[in-house]
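Next come two complexes, and both contain chain A; in the first it sits with chain B, in the second with chain C.
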Partner chain A sequence: MQHKPSRFPSFFMSVGAVLRKDALSELRSKYAFSTLAVFALTCLAGISMSIGGGELTQLNPQVQSVLLWIVLFFSAMAGLGRVFVQEQDAGTLLTLKVSAPPQAVYFGKVIFNVFLLVSLSVLVLILFIVFFDVSVSDWLSLIGVLWLGSIGLSIIATMTAAMAAQAQGRASLFTIITFPLILPEFLSAIEGTRAVLAGEAVELTQFLFLGGYGVVALVAGSILFDYLWIEG
Partner chain B sequence: MLKKPVMKIDVENVSKKFGSRSLFSGISCHLGAGDCLIITGRNGSGKSTLVKILARLLRPTSGTVAFMYEGQECCDWEDCLSHIGFVSPEIMFYDNLTGRENLEFMARARGVRLLPAQFEETLARVGLDSRGSQFVKTYSTGMKQRLKFAAMLALEPIVWFVDEGLSNLDADGRGLVLDLVKQSLEKGCVLIMATNDVLEAEYATQTIALS
Partner chain C sequence: MLGRLSKGDNLFGIITGVWLVATAVAVFALPPVEPIEYFGYSARILFFHIPMAWIAVVAFLMGAWWAVQYLRKRDLAQFHHGSLSNKVGLVFTLLATVSGAVYGKLTWGTFWNWDVRQTTIFILLLIYAAYIVLGYSIEDEEKRARISAVYSLFAFVTVPFLFFVIPRLGITTIHPTSFNMTFNMVLVLVAALLGITALFIWIVRCGAAYRRNRVVEPTAQEEPASFAQTSKDLQNGEDQT
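== the complex of A and B ==
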């Protein structure tokens, strides 16, 4: 059989194959996104209905910001860990191992989780504005903080999901090892969001920290992944 | 017939322990083009584990497995991966993808771009041409086994790792797999098969019997 020469370097083709496979599976099952979206909707609707419309608008930006990120954090915990656990449970982990190079699997899964959480963050932001009647003056900064924070969260969650999938009792382990790693990014995102909601300017260092932490996590995860991928 | 590039596999004194339980020890062999290693043994003797170790999917407790491609050692897993094909009961397909999409994923993930007609041809060779566009969840276990060999044909590996290759296959399927085994050996591929089936064992140039 004559293989058609690829137009793309094979690494990008491998990443694309992993991403396409996950996206197709998700589009057909809609499991991960619906889990994340229903969780976010339930939280925001629950808070909104229990506190009541008038009092919600009086919540200070600090509390609003914390609520927004708590919803995103727990949605992420509910859905992002599935990228590897699902492969383990379906028995397809070995198929993935013998099909794609480890780095292609890692980057494919990271990109998939980033798409998932960034899409969710857009939905959560819309629901947040509707339920909490928030007025935002600097949309660019808010979206910047939200997306950088979501991207960082997705990268860390992908790395810890890979670790947890190799272990027993992985569901609980995923949250336990993700929490301390995510905390600096999480606190920085909360502070950035608070500043925007309070009408203050978000400092450049805040953006740099959010982006930089994500990059460090991406590189660390990439180095670690090769060791995690082959069983001991 | 086109000959494959030469791959040599050197296995030195491999052992595997799970906790305090020793599964096997002192396994050594040297394989080259056209060699067929048959691993036999009772259930639980460690055949599948040894296949995974030889494929470098699992680390041995002690000993080494070295792949030499055209005289150069493949140092990391990524180097080895591009030359190996793996059929095992542990290989599962993605249920909500079609047979063709599964095949396409496996090829693209390896950086192999095939034309649509080549996927059809591959599926036809294993007798799945009419079922390629159906979801794998609708496949029988025998059809899934055929799809595993379709992946081997699409990827054209130099080293074949086949664990219980004839399982779940009907007479047609068994004949097909044995033909593929014969053809790959003629092309100079290296075959490592874990089996207790006498039909597969006929091709052995080396045998390891696990107790």
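== the complex of A and C ==
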């Protein structure tokens, strides 16, 4: 195989490089994941304490799934916005713009955020089962709904994070502009989780929707990201 | 502000205003016949509610169209059109929501029910309120235009999915979709739809005229004159004291 010398490394290598850079800086600072984790713990503990122990913890599946997703949503809002804000604070934004193609930055940041939120969802699920005495029969469906929902949420949040990073009052703005956009995924994931917790079967269309929404958001984000990044 | 509009726009505005007032009078003058009076006299609110919802949809569609145009041509006028259009859309969405809630109270017995239509319109309110907040929090105009346009288009792609989700949640609608209307009623409704569409066009044209005036106004000749005037006033003031 002949190697063509090119100015830019291949696309996948660029994505990998962006991802690796973010992962390394996260491993050093441990900021994003620790914020997410402690925020989620605070939320869950707050809810659980105010409800109290004993029989009271056995909420109906609807309430349980709503609480689970609200905790996940607000934790995501606390941590996912950092991918772009951090570049600005560290003064590395311009360097990143010069050294990587925009689409590589987009996919690298999306994958990083997906990884963060999916790991967080595992942690939240474990805490949730401990605090709320949840009995799960269909683990595969639960993990499927949880992860597909988290993936969709982080794809959209990455896009809105790129917008909010360029505005004032970034943190609160990030939540405001993200919430309406994730609603379809959010409501659908809540419904799916409710079904699992109630011991019902989750329909295949539910999974298709959760996944499809993520794919559409990913493609739309990819098309629109250049407008945010190149001139931003 | 109105004085600076072109003659055509002034005339258009007056005709639209007269038309809308006449339509409103016609709504209350409609004979109280069976189909509309089924829910009592209050059903006349529909002649306001439907056009408001209609113009909100038109305004949001035009807003998305202008967002695309802005990203393609980078002409700030396109962004201002789109931004104004979305704001008008938000105001009419709010009016449609309120008029719908009032009618809901009269017919369903409650202002708010999370009916399918109420849920979707509420999400529209959230999105376009977020759009406006996003715009306010970015100072640089080019940047504001670009990011607002991207946000509204991103929302435009993702939001239609709600129409797949909401029916799945077991929310059913009791929002009426059709009425038996007499010919006169159809006539009044069409007149209201035309009138409010004209109002929308007029508002967008006013916005464009207002910006033109604002750009032209602080010319090189005017500013020193006004400064001179101010200093003269100050001197006069000092003389008096």
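Following the convention adopted for this analysis, the second predicted complex is superposed on the first by the 219 of 232 C-alpha atoms of A that agree within 3 Å, B and C clash if a C-alpha of one lies under 4 Å from a C-alpha of the other, contacts with A are read in each partner's own complex, and residues count from 1 in each chain.
The criterion applied here is as follows: contacts are C-beta pairs under 8 Å (C-beta built on N, C-alpha and C of every residue); 3 or more make two chains touch, one makes a residue touch a chain.
All of these numbers come straight from a predicted model, not from anything done at the bench.
Novice: Going by the contact rule set out at the top, does A:I177 touch chain B (first), chain C (second), both, or neither?
Specialist: So A:I177 only meets chain C here.
Novice: Who does A:A220 touch here: chain B (first), chain C (second), both, or neither?
Specialist: Touch status of A:A220: second partner only.
Novice: With the two structures laid over each other on chain A, which partner does A:F209 touch: chain B (first), chain C (second), both, or neither?
Specialist: The answer is second: A:F209 touches chain C but not chain B.
Novice: Would you check which partner chain A:L187 touches, where first means chain B only, second means chain C only, and both and neither mean what they say?
Specialist: It touches chain C, and chain B stays clear.
Novice: Just to be sure I read the superposition right, which of the two partners does A:A167 touch: chain B = first, chain C = second, or both, or neither?
Specialist: Only chain C is touched by A:A167; chain B is not.
Novice: Let me test your reading of the model: by the given contact rule, A:A201 touches which partner, first (chain B), second (chain C), both or neither?
Specialist: It touches nothing on chain B or chain C.
Novice: One more residue to check, A:W229. First (chain B), second (chain C), both or neither?
Specialist: Only chain B; A:W229 stays clear of chain C.
Novice: By the touch definition above, which chain A residues appear in both interfaces, chain B in one complex and chain C in the other?
Specialist: Overlap of chain B and chain C footprints on chain A: residues 231-232.
Novice: So in the complex, which bits of chain C are touching chain A?
Specialist: Of all residues in chain C, those touching chain A are 71, 123, 126-127, 129-131, 133-134, 137-139, 143, 146-147, 149-151, 153-155, 157-159, 161-162, 164-166, 168-169.
Novice: With touch defined as at the start, can you tell me which chain B residues reach chain A in the complex?
Specialist: Where chain B meets chain A, its residues are 55-59, 76-78, 81, 84-86, 88, 90-97, 101, 104-106, 108-115, 118, 121-122, 153-154, 156.
Novice: For chain A, which residues count as touching chain B in their complex?
Specialist: Where chain A meets chain B, its residues are 1-7, 10-11, 13-14, 16-18, 20-21, 24-25, 28-29, 90-92, 94-95, 97-104, 226, 229-232.
Novice: Going by the contact rule at the top, pick out the chain A residues touching chain C in the complex.
Specialist: 156, 159-160, 163-164, 166-169, 173, 176-177, 179-181, 183-184, 187-188, 191, 206, 209, 213, 216-217, 220-221, 224, 227-228, 231-232
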